[in-house]
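The following pair of complexes shares a single chain, chain A, combined with chain B in the former and chain C in the latter.
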Partner chain A sequence: MQPEKFYYDNKIVRNFGIATIVWGIIGMTVGLIVAIQLFKPGMNMGNQYTTFGRIRPLHTNAVIFAFVGNAIFMGVYYSLQRLLKARMFSNILSQVHFWGWQLIIVSAVITLPLGLTTSHEYAELEWPIDIAITLIWVVFGINMFGTIFKRRERHLYVAIWFYIATFVTIAVLHIVNSFELPISAFKSYMVYAGVQDALVQWWYGHNAVAFFLTTPYLGMMYYFLPKMANRPVYSYKLSILHFWALIFIYIWAGPHHLLYTTLPGWAQSLGVAFSIMLIAPSWGGMINGLLTLRGAWDKVRDDVVLKFMVVGLTAYGMATFEGPMLSLKQINGLAHFTDWIVAHVHVGALGWNGFLTFAILYWLIPRIYKTELYSKKMASFHFWIGTLGILFYAIPMYWAGFTQGLMLKEFTPEGMLKYPSFLETTLRIIPMHMMRSVGGTLYLLGVIVMAYNLARTMAQGKLVANEAAEAMPLEPVTATTDGGSWHRKLERRPIPLMVGALIVILIGSIIELMPTMTISSNVPTIASVKPYTPLELQGRDVYIREGCSNCHSQTVRPFRSETERYGEYSKAGEFVYDHPFLWGSKRTGPDLAREGQKYGNAWHYNHMLDPRLMSPGSIMPNYDWLISQTLDTTTTRAKINAMRKLGVPYAVGYENQANADLNAQAQQIADNLGKDKIKVKSDKEIIALIAYLQRLGVDIKANKTASK
Partner chain B sequence: MKQRLLTTLTVLLLAQQSFAEDSLLSAETKNYIGFGAIIGMLLLFLATLLVLLRTFKVLTKAVLKLQGYTKQQIEAELKPAKKEKKPKSEVWQKLLSLKPLSEEKDILIPHAYDGIHELDNPTPSWFMVLFYGTIIFGLGYLMVYHVFGTGQLQDAEYKTEIAQADAAKKIYLSKAANLVDENTVKAVNDPAAIAEGKAVFKASCAPCHGENGQGVVGPNLTDEYWLHGAKITDIFKTIKYGVQAKGMPTWEKQLSPKQIADVANYIISIQGTKPAGAKEPQGEKETVEKLALN
Partner chain C sequence: MFKQFTENINGHQVYLLSSLGIFLVFFIVVAVMLFRLRKTHIDHMSALPLADGDTPTPNTLIP
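Moving on to the complex of A and B:
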């Protein structure tokens, strides 16, 4: 048989590579801005499009889906072709994939600052973009499997198992977490409510980390690390064990994001138990990587690319040990909602995803341009300033997390909260936040140096757009060649492998999600909890638009320190009309679940105008546009109808009367403000927001008074 | 030796009994003493064993000498030649289940992917221990919370936390002079208390009532008109419980009873000061009896 000649497509790899660098710089710059906003409210730039609540999701989306996303596609398109000895299935699909993905990112860059958001973390994009993501993901899948089917290599290498698991799981996660009911071209309500919505969201959120930030990167590690070090992979058996264990166990761990909330206890405990079991499978990847470097440690000393890999793998090991520890209830009770979590995710993002991406870029760009790296010194500088950046980022944030977490829990001997004002704890950690932005600046600086270095590398070389290669055509499988272990056999069968991965991830998903979704006793109802009035509903959508839940949680945990500070702890029945849930995941400001009736309307009005009037030293941005902007009441009808469709008991025909009720309630609030010499028209957005805030957590109190 | 041990034990036991009777020592201190005692005992045992070992050595030497051994023979008997120590790295490799690099070619899987080879190394044993260990932990965790019911789920845990805190608070308050409430609060003209009250006022009340009590969102506190009563007990009550309908928050959770009393006294002290920008009067006219500062 004659070897066949074919060409690897390097151009698509290069395109994804450039996109990775460009979006990386943009995403990290936005990250730096939001970091500075946390100690200098002026950095919100006095307009609604650049406030923390709106651009923090932009930062997370840009670094996860634009920077890391493009890096994944770069790594997959490069390694897949070579591991399968075949060109990508379709040039057109590759192009559609590339441009489609960039278009999705651009639409995120436009819609998120406009306040178009579902409020689901890491899934903020609204329903038309969700559909676009689904389509492009399918294009990616067809292109990948098309390449697999025309391969010239019978066995699928471990990297490809990880790519396949990534593909199927992200598809499942994205679709289930995007069940939304559109009410207009760019606004939708989540189909699930309250605790169910929270469970779906964190099953998604946790596994986006698993199957977008972890599995594709493990796959890339398995291809690029042995290539870079020119060493065999340490253990094939370990690859098999940790691959299946990782994808099976990861999917269960989502509820550890919801400890001490109203999620049923059994689901919380499952989340904790599986998080602990996740340590070994995660470390399997790290040790298989680090032990692959056995006999090559002398190279690590000289080769900056391997240095990036080693620090990246170590960061992965640290983050995947810390994660399970944070899942333990006792530690979670202190750490959750604080900067500790922010530090944790950044060790993973900056160390693991960032450093692996940089290593791959430094290794791959000179190769596809048939040249040497422009400057090794600059790359070395990047490594050191990047490492320093991670330290300067993480250490102050751990410190801030401990400090604030402990302060919020401290009592005086009289049994009073030692720091009853939340703001006092915020002010205490401002120096740490300043340090953190220094760390971020260092890290960003390194990336900019890399961009320059790689641009010069590209300029001095010439892209080999189509790289010639040769391989023997695939021989048909016969009874004699179909030997080996069961796994060996599975490696020759891509579809059963994919189905196997799908079944493995569905087991945990179904066992955890279904009972909470279908058994009503898991969400005990409370009679006094009533649907929002039309004005409150509109106010809630202003709250969502402004991204308030990026800094304010809405769930009081059953701790003495929280019930003393905020009021009675939250009950599942309180959230049954919340499509979507708005519990948040970080308390940069205090919890708002019991905010209703705590302060007067005038307090809220002044506080939104300039938070520092009511809370001196506050780092919250001004929301003065809420006072000048008129509330759009044309959507009320569609919103009431959508809510009814989702099971909220508005009477049939109420949509006709809703705006009249809305105006009456708004007038009441405006009149009340007038008594405090605040002149504001009743049709402004601020009125709706005040109405919503004054309603928060009130219903359950009504229950108390009635039963007394 | 035996006698010494027995004496020590008796002393410790007796001591513990006397600790139990002494209510001045907190449970925590007692715990520390207990731990100290246990560690002390262990150290004592260790010392005793060392002394015994030494004794045996001396005895052996003496016996061997009696049997006619030479000095060199005795030395050889007591200190047998040590086995060749393995190089440190080898121990390390065994612990990590690592095969020496020289044996690598034996476990190389012949098939290569784009030039990448794989080794047929076993999964490291420490890794398997870790893996099975975490699985056992996970199962145990679920058992503790959901089968045996020995672990407290969050609602029960909360009740325990509150009960403990209430008990501790009760004990503390019974000792401290912080028992003032809306029925027992007294108007005083103690400058120290008023200064304390002023400090709290500036920090917590000024945003709504103005730096000098002139009124902003909240009412003017320096005029003779009162919405919720002008008596010290009324003012105390208004601060403590708040007036929800009017936007006055409750301060019970944020200020101690003493602090509330101080603020109430400070408010009385600023009666009639007529600050700049005073808000128009609200409520009923009521005169507050201002006590002269002494």
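Moving on to the complex of A and C:
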């Protein structure tokens, strides 16, 4: 049999590489802007489109799906072709994948600042974009499996299993977390409500970390690290064992994001147990990576690429040790909702994803351009300033997290909250936030230096767009070659491998999600909890549009420090009409679950106009545009109809009367504001938002009054 | 420290125990498969990234 000649497609790898760098710089710059807004609210430039609540999701989406996403495709397209000894299946699909993904990112850059959001974290994009993501993901899948089918290497290396698991799991996660009922071109309601919605979201959110930020990167590590160190992986058996264990266990861990909430206790316990078990496969991967460098540690001293890999792997080890620790209820009770979580996430993002991406870029760009890196000194500078950046970022954030977490829980000897004002704790950590933005600046500076260095490298070389290679075609499987264990057989059968991975991730998903979805005793209802009025519903959508849940939670945990501060702890039945749930994951400001009727309407009006009028020193931005913008009531009918379809008990025909009720309630609030000498028309957005805020947590109080 | 953990289960131990059981069975199956793999096959698989025909560039010559 003659060897076959073929060409690797390097151009698509280069394109994804450039996209990685460009979106990386954009995403991190937006991150820096939002970080500065947390101590200098004026950095929103007085503009609704660049205010924290709207562009914090832009930052997270840009770094996760644009920076890391493009880096994944760069690494997969490079390594897949070489591991399979075949060119990508279809040039056209590669192009469609590349441009489709960039278009999705551009649509996110446009829609998120406009406030078009589902409010589900890391899944904020509205339904038309969700559909586009699904289509492009399928294109990626066809291109990947097409390449696998025409391969010239019979066995699939472990990196490819990680890619396959990534493909199939992200598809499942994205589809299940995107069940939305559209009410207009860019507005939809989640099909799930309250606790169920929260469970689906954090099943998704946690596994986006697992299968977007971790498994593809482990696959890339298993390919690129042996290449960089020029030695085989330390233990191939360990790589197989930790692959199966990791994908099995990870999918169960989501509920650790919902500890002490109204999620059923057994689901929380299950999430905790599997989170702790997760240390083993995570560390299996890290140790396998670090030990691959055995006998090559002298190279680490000279080779900046390996330096990035070592710090990246160490950051992975730290983050995956800390994650299980944070899922312990006692630690979680303190850390959750604070900057500790922000620090934890960034050790993973900046260290693991960032540094691995940089290492691969520095290794790969000179190779596909058949040249040397333009400046090793600059790359070394990038390594050191990046590492310093991570430290300057993480340490102040840990410090801020401990400080605020402890302050919020502190009682005086008399049994009163020592810091009853939430703002006092916020002001205490402002210096840490300033330091954090210095860390972010250093890290970003390193990326800009890398962009320059790589641009010069590209300029001095010439892209080998189609790299020639040769390999023997696959022989048909005969009785003699078909021997070996089951697993060896599985390694050459991509579809059973994918189905196997799918089954493994579905086991945990089904056991965790189904009981809460189907057994009504898991979500006890409360008779006094009624659907929102049309005005409150519209106000809720303003709350979602402005991204209030990025800074304010809506769930009071059963701690004395929280019930003293906010009021009665939250019950599952309070959220049954909440499509979507708005519990949030971070308390930059206080919880709002019991905000209703705490202050007068005038307080809210003035607070939205300029928060510092009511809370001197507050870091909340002004929301003055809500006072001038008119509420769009043309959507009320569609919203009521959609909610009814989702099971909210609005009477049949209520949609015809809804706007009349809305106007009447709005007029009441406007009249009430008038008594405090605030002149505002009843058709402004602020009125709807006030109506919603005044409703929060009120129903359960009514229940108490009735039962007395 | 595990008091809250065990108290919150409220008769739902079946979820925890069956989950642990499923995982153990799965883990043992994978481990058994691993032990059945041949040494030559393992060597072949671990050498795959190094044997993809990439030509080394001047700044990282293979020693």
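Rule of thumb we're sticking to: the second predicted complex is superposed on the first by the 708 of 708 C-alpha atoms of A that agree within 3 Å, B and C clash if a C-alpha of one lies under 4 Å from a C-alpha of the other, contacts with A are read in each partner's own complex, and residues count from 1 in each chain.
Criterion: a contact is a pair of C-beta atoms (placed from the backbone, for glycine too) under 8 Å apart; a residue touches a chain by one contact, two chains touch by 3 or more.
Because the structure is a prediction, the values reported are computed rather than measured.
Aligning the shared chain A places chain B and chain C in steric conflict. In the superposition on chain A, A:560 makes contact with chain B only, not with chain C. By the touch criterion defined above, A:227 reaches both chain B and chain C.
Contacts of A:413 after superposition on the shared chain: chain B is touched, whereas chain C is not.
When the shared chain is aligned, no partner comes close enough to touch A:476: not chain B, not chain C.
Legend: residue contacts after superposition of the two complexes on their common chain; A:598 is shown touching chain B, with no touch to chain C. Using the contact criterion defined above for the overlaid structures, shared-chain residue A:421 touches chain B, although it does not reach chain C.
In the overlay built on the shared chain, the residue A:273 is in contact with chain B and with chain C. Once the two complexes are overlaid on the shared chain, A:248 sits against chain C while remaining clear of chain B. Once chain A of one complex is fitted onto chain A of the other, the partner contacts of A:236 extend to both chain B and chain C.
Residues common to the contacts of chain A with chain B and with chain C across the two structures: 79, 82-83, 85, 153, 155, 157-158, 223, 226-227, 232-233, 236-237, 241, 245, 265-266, 268-270, 272-274, 277.
Across the complex, chain A meets chain B through its residues 79, 82-83, 85, 153, 155, 157-158, 223, 226-227, 232-239, 241, 245, 260, 265-266, 268-270, 272-274, 276-281, 283-284, 287, 291, 294-295, 411-417, 420-421, 557-560, 563-565, 569, 597-603, 606, 613-616, 676.
Against chain A, the residues of chain B that register as touching in their complex are 98, 101, 104, 108-109, 111, 113-124, 127, 130-131, 134-135, 137-139, 141-142, 145-146, 153-155, 157-158, 161-162, 165-166, 168-169, 172-173, 176, 178, 204, 207-208, 217, 244, 246-249, 253-256. Chain C makes touch with chain A in their complex at residues 1, 4-5, 8-10, 12, 15-16, 18-20, 22-23, 26-27, 30-31, 33-34, 36-38, 41-50, 52-54, 57-60, 62-63.
Considering their complex, residues 79, 82-83, 85, 153, 155, 157-159, 222-224, 226-227, 230-233, 236-237, 240-241, 244-245, 248-249, 252, 264-270, 272-274, 277, 303, 328-330, 366-367, 370-373, 469-471, 484-488, 491, 504, 507-508, 511, 515 of chain A touch chain C.
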